[in-house]
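To keep things simple, chains are lettered A, B, C, D and E as they appear, and every chain counts its residues starting from 1.
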Amino acid sequence: MIIRSHQHWFARLFTWHGSVLPQIIVRLLLNLGMSLFALTISPWLKQLNSHLTLPPFSLLGIAVAIFLGFRNNASYSRYIEARKIWGSVMITSRSLIRQTLCAVDATQSAKLAANYLIAFAWSLNHSLRGTPAKHDLQRLLGEKEAESLSSHHALANGLLVKIGLFYANLLREGRISELNYRNIDDNLNELSRCLGGCERIANTPVPFAYSLILQRTLYLFCTLLPLALVVDLQWFTPFVSVFISYTFLSWEAVAEEMEHPFGESANNLALNAICTGIERNLLEMTDQAPLPPLLSVDRHYNLT
Amino acid sequence: MIIRSHQHWFARLFTWHGSVLPQIIVRLLLNLGMSLFALTISPWLKQLNSHLTLPPFSLLGIAVAIFLGFRNNASYSRYIEARKIWGSVMITSRSLIRQTLCAVDATQSAKLAANYLIAFAWSLNHSLRGTPAKHDLQRLLGEKEAESLSSHHALANGLLVKIGLFYANLLREGRISELNYRNIDDNLNELSRCLGGCERIANTPVPFAYSLILQRTLYLFCTLLPLALVVDLQWFTPFVSVFISYTFLSWEAVAEEMEHPFGESANNLALNAICTGIERNLLEMTDQAPLPPLLSVDRHYNLT
Amino acid sequence: MIIRSHQHWFARLFTWHGSVLPQIIVRLLLNLGMSLFALTISPWLKQLNSHLTLPPFSLLGIAVAIFLGFRNNASYSRYIEARKIWGSVMITSRSLIRQTLCAVDATQSAKLAANYLIAFAWSLNHSLRGTPAKHDLQRLLGEKEAESLSSHHALANGLLVKIGLFYANLLREGRISELNYRNIDDNLNELSRCLGGCERIANTPVPFAYSLILQRTLYLFCTLLPLALVVDLQWFTPFVSVFISYTFLSWEAVAEEMEHPFGESANNLALNAICTGIERNLLEMTDQAPLPPLLSVDRHYNLT
Amino acid sequence: MIIRSHQHWFARLFTWHGSVLPQIIVRLLLNLGMSLFALTISPWLKQLNSHLTLPPFSLLGIAVAIFLGFRNNASYSRYIEARKIWGSVMITSRSLIRQTLCAVDATQSAKLAANYLIAFAWSLNHSLRGTPAKHDLQRLLGEKEAESLSSHHALANGLLVKIGLFYANLLREGRISELNYRNIDDNLNELSRCLGGCERIANTPVPFAYSLILQRTLYLFCTLLPLALVVDLQWFTPFVSVFISYTFLSWEAVAEEMEHPFGESANNLALNAICTGIERNLLEMTDQAPLPPLLSVDRHYNLT
Amino acid sequence: MIIRSHQHWFARLFTWHGSVLPQIIVRLLLNLGMSLFALTISPWLKQLNSHLTLPPFSLLGIAVAIFLGFRNNASYSRYIEARKIWGSVMITSRSLIRQTLCAVDATQSAKLAANYLIAFAWSLNHSLRGTPAKHDLQRLLGEKEAESLSSHHALANGLLVKIGLFYANLLREGRISELNYRNIDDNLNELSRCLGGCERIANTPVPFAYSLILQRTLYLFCTLLPLALVVDLQWFTPFVSVFISYTFLSWEAVAEEMEHPFGESANNLALNAICTGIERNLLEMTDQAPLPPLLSVDRHYNLT
């Protein structure tokens, strides 16, 4: 993703990967067809006394742009919030391991805690994307523990309880002090907040009426636009109409994509890369090897 | 709700459920009537030297769109804040049960705490929606306790005091430590904040003048629009006028709906589903069975 | 306030109460007069080669709408922040009483604390509105204590110190533990933040230049508008001009009102109702009777 | 400042004080000159086949208004954040004194702490405005201590360390408990945040390119505007052109002023008044007399 | 940077340094070429019945301005957040040293802690900018420790663990109390948040589709603009077209630059200056000398 931002400004214009063009190409072609249709009936339209003019469409277009700006804000806020939550999963996991390393002499406990926290991150990832978590659980916690966790309806939450009990045990055995435990409990609460925040974003879309109204208005606007443009522009109509439609439709499409930031499309969060980052950090902090390799972008320059 | 977002983009346009069309259909028909009226008097309007033109209406329309954008922001913020507060009720309840499980050996206490917290969520839900909480209280806390709570003017707050006293008792009996109690008290404060936040949103609408001014302006704008359009558009007038009115009126209607996020309409929060989610999570954490079934969307694709 | 939002959409349009119409009626009449004047000199204007046209006014109108949107945001943020602070006064007072009830056996202390906290809320209300707090202090704390407090320049802050000393005393007498005291002290800090936040909003208006520039521009814009409209619209001028002016002026007026959220006008916060709510809640929590009646809207549907 | 907001709406329009008119009067006169020049060459312009028309300027004007709105938001956020930080200095100082009064029996310590905190507020004020702090330090802490502090590069930070050592001393002497100390330390951290926040706002302006691009565009826009207006408006050109320029330039000027909220101009924060308020509050809380008089607005209605 | 803001308003217009002009000069020249081409084919365009007119471009231009406003907001938020995080690094480092000075008698520990914290700031800086940290580590922590740290994949995080272990050691040796340690641990968590926040901003650009769509639309808009302007403006076309393009392109360029706030260009954060500030503050607090000199702007008035 970062690689692309260093492309030359001219080369970027012709990038296909990661753009939303594939999603809206059908709608643009429909618009092109409508433009050609408008051109065809243009002489007949002129004979009518009544014809569509651009001014009411300008008014509508500006109103739609304002509403689209609003929807973009709403979608982008979800994307940013989701990213901040995952940033907090990484931050809090590292803080917990730092606290564990400082509190307990034996690094064995820290290693175990690290594995639990890595498993928490991967479970959250899998539950948000609807992919099976079993493989990662087995890899990190062993066959038996993975089995016992598999019956949970709320896997990530179950893991959080396990982590809590793990630290409560250290406290009971006197290996961490009461105050250390309090510090750790604060961070577990933070992980709980991250989990709840992700669930909230995943379960509560932007109110359906919002996207519906906008899409209806937008598609109708794009469909009628050629009729209003054709009187003045004539043969320029298809070009200008598709250009204006592209501007509006692609913004709507990217808003739609960012509304669900946990998907696997090009403009979603790279959860796998983040989880791998967490794994690498926690393993290095607890002197475990080998580190999993950094994820690199695929041939479409996407991280997942 | 989520199901619908995977509908094909074309199919979505003709969705009726969850949209605000039923609420504004009368106003759109009025606008249609006005358009036809404008068409009828159009020849007579032309004879007059003075006639309405579109430019002042464009100016007004853009101003109204900007103000509408502001109102949408205000309403949407209320909706999002309400959703975050309910997310926090879930997060904090789970954290409290995790802390209880870690602090106390006997799971009996955790089960009792879970029931109290589930009752808190349902009471808050019922008090926000003005529905009777008695049935849920009896189900969760037993006949006797439900009776003793029924006299409270502020039921959810009363339950919070009860939960506080429950933990204070555990502290006095020496079953949780001072520091555990402090951690728990922090989370009770958070529940108190959630309760107060919900009350604030429910009791304090967006200042009345805001919606009033906007609606007055908007309705008058839509009513006069056909008169301004008819000179140029002639027979296209009804169509374009209803289209523009639909855009503005539906955005106003969805803003109006989201302003009161605790209602039961299609664009409000699915409080029952959230409460059921809390109940399922807390019961599973404390090994209680059976779990209540997940709520599923009704035949209008709505969750309540 | 909530009642009105359930009015039929048509009935709402003719509501007088709570709207800002009375404040701007003079300005609207001036605009009407200007329109009639423009109509009168319209023939003479036509003879001049130079005349005002609408396009520069459209540009100006849109710019003014954007700036007005900015000012609305600023004013609304103040209103919302003020409401949140008062919500926090209620939340924190309730949390403090819950903590007191859980920490101390004798409810006598909780009753005393409740009275202090109610007195704090009323003093803050009175100091923000510039009304005398003496009556409420006497009612809640007794003649003698009210007298001793009356000399304070910063009454609410003085009460906060008293509440702090009250809890410090409980700590010294060994009736609450160190950790309880810490929990309570956190909430006293929160009340201190509420107090400071209210003072900040009351003392620091939106920079004066903002409202001044906007008003100058807006009034001049409305005054010149008829001259620009009259060429095309002729006899429609007064109507359209007053309509556009109403839209802009009423939004400016409501922004002006919300800028000072602690006043007693229709679009300000209902501080008395909030304080009564706090009083009812705290009294019920500490089993004191009778509860003061809920405030109801006056015949203009306003709460104060 | 508050006084002015109660001026009659008509009287306000002719207020000179506190407005930004003096700063932009030269630019407005330049614009007037350009308008007269455009009028002069207007006949010659008409003979040319090519002439400036308003539509491209409308597009540009609206774009500039949108960008100006953005810059206003950025500047206003800085102003509001600066005000909140200073509000927090007051809140935190009062909380610290309340905690000290509750924790320590002898009020002598509280008096000393109050003086330190007042000195901290004044030092921060002086360092932000680049004025010498020596006089206030001598007044509050005595000749000797002021001398020892004068060598500090970071005076306010040095005072914060001194306050920390003062409380650490009370702890070592056993006069405040560990938990009291923790509560106090939290508030010292908050003062540290206030200090850092002020430094950040003072040292990091809005990126230079922002204001530069906006100003270049804006001045060029205002300069060319008369040429575009003159074709239609003729003799109305100077008036309309200066009016539009006033709207844009004054908004830009007020944004420029608010960008540096710690200055002493009319639209900046009244730091001296805030510091005096802190001094009055803390002295009253610790029974010290006499209180310094409240600052009142000068003959230009400004507080500094 | 601050120096420039005191330049005379007229002189600023011709400033070259720190502006984004160099980056867009090629695109502006292309636009100029297109304008001249449009002028050349202008007579031939007139003969065609179909020609480009300005109104559809006005609509597009306003929509693009609204979307550009959105992108500016997104980029500016990143810039501001990055600045706040670095402010917090400074604030937290100072608080930690204050706490260390208050908790430990021997200043030797505080000196060591200061060096660690300065090294943390510089490592974070170097890792964000991709420059080698080795020199600074050697300077601050000595040859040996720098060597042992050099193998870390996550250097700043490794330093944070070291700082944590340093304080844990002080606790074990009984030189700081449990509560002191808790206060310190809170601040270490805050540093961990700063580290994670910087990584998040550096690794997650604004979704690629956003900038791509905007740039495509914008460049195409600027390219076609001369064709739409030439009919009316004739010889004014190149001037007006370049002017409008400059406005849009320069705003896009500054948004692009601010999106990556950790770079070394003129509109990025002056990380070296901030780190030097931290170093000066911490050294002065722990009585170490000599202080490194304040960074001053280079001959292009830039800080790095």
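Basically, a residue touches a chain if its C-beta (ideal position, glycine included) is under 8 Å from a C-beta of that chain, and two chains touch if they have at least 3 such contacts.
Being a predicted model, the structure only gives us computed values, none of them experimental.
K.L.:
Return the chains shared as contacts by subunit B and subunit C, ordered by label.
P.N.:
none
K.L.:
Hey, how far apart are subunit A and subunit E in touch steps, shortest way?
P.N.:
The fewest touching-chain steps linking subunit A to subunit E number 1.
K.L.:
Centroid of subunit C to centroid of subunit E, CA atoms only: how many Å?
P.N.:
So the centre of subunit C lies 38 Å away from the centre of subunit E.
K.L.:
With centres defined as the mean C-alpha position, give me the subunit A-subunit B separation in Å.
P.N.:
Computed value for the inter-centroid distance: 24 Å.
K.L.:
Going by the touch rule set out above, which residues of subunit D reach two or more other chains?
P.N.:
Within subunit D, the residues that touch at least two other chains are 55, 58, 62, 66, 69, 179, 182, 186.
K.L.:
Start at subunit A, step over to subunit E, and keep going round the ring; give me the chains in the order you meet them.
P.N.:
So the chains, read around the ring from subunit A toward subunit E, go A, E, D, C, B.
K.L.:
Help me check something: in the complex, which residues belonging to subunit B touch subunit A?
P.N.:
Checking each residue of subunit B against subunit A gives 1-2, 4-5, 9, 12-13, 15, 18-20, 54-55, 57-58, 61-62, 65-66, 68-69, 72-73, 76, 79, 83-84, 87-88, 90-91, 94-95, 98-99, 101-103, 177, 179, 182-183, 187, 229, 232-237, 240, 243-244, 246-248, 250-251, 254, 257-258, 266-267, 269, 280-281, 284-285, 291.
K.L.:
What residues on subunit B touch subunit C, complex-wise?
P.N.:
Touch list, subunit B to subunit C: 27, 48-53, 55-56, 58-60, 62-64, 66-67, 69-70, 74, 152-154, 157-158, 160-161, 164-165, 167-168, 178-179, 181-182, 185-186, 188-189, 192-193, 195-197, 199-200, 203-205, 207-213, 215-217, 219-220, 224, 259-260.
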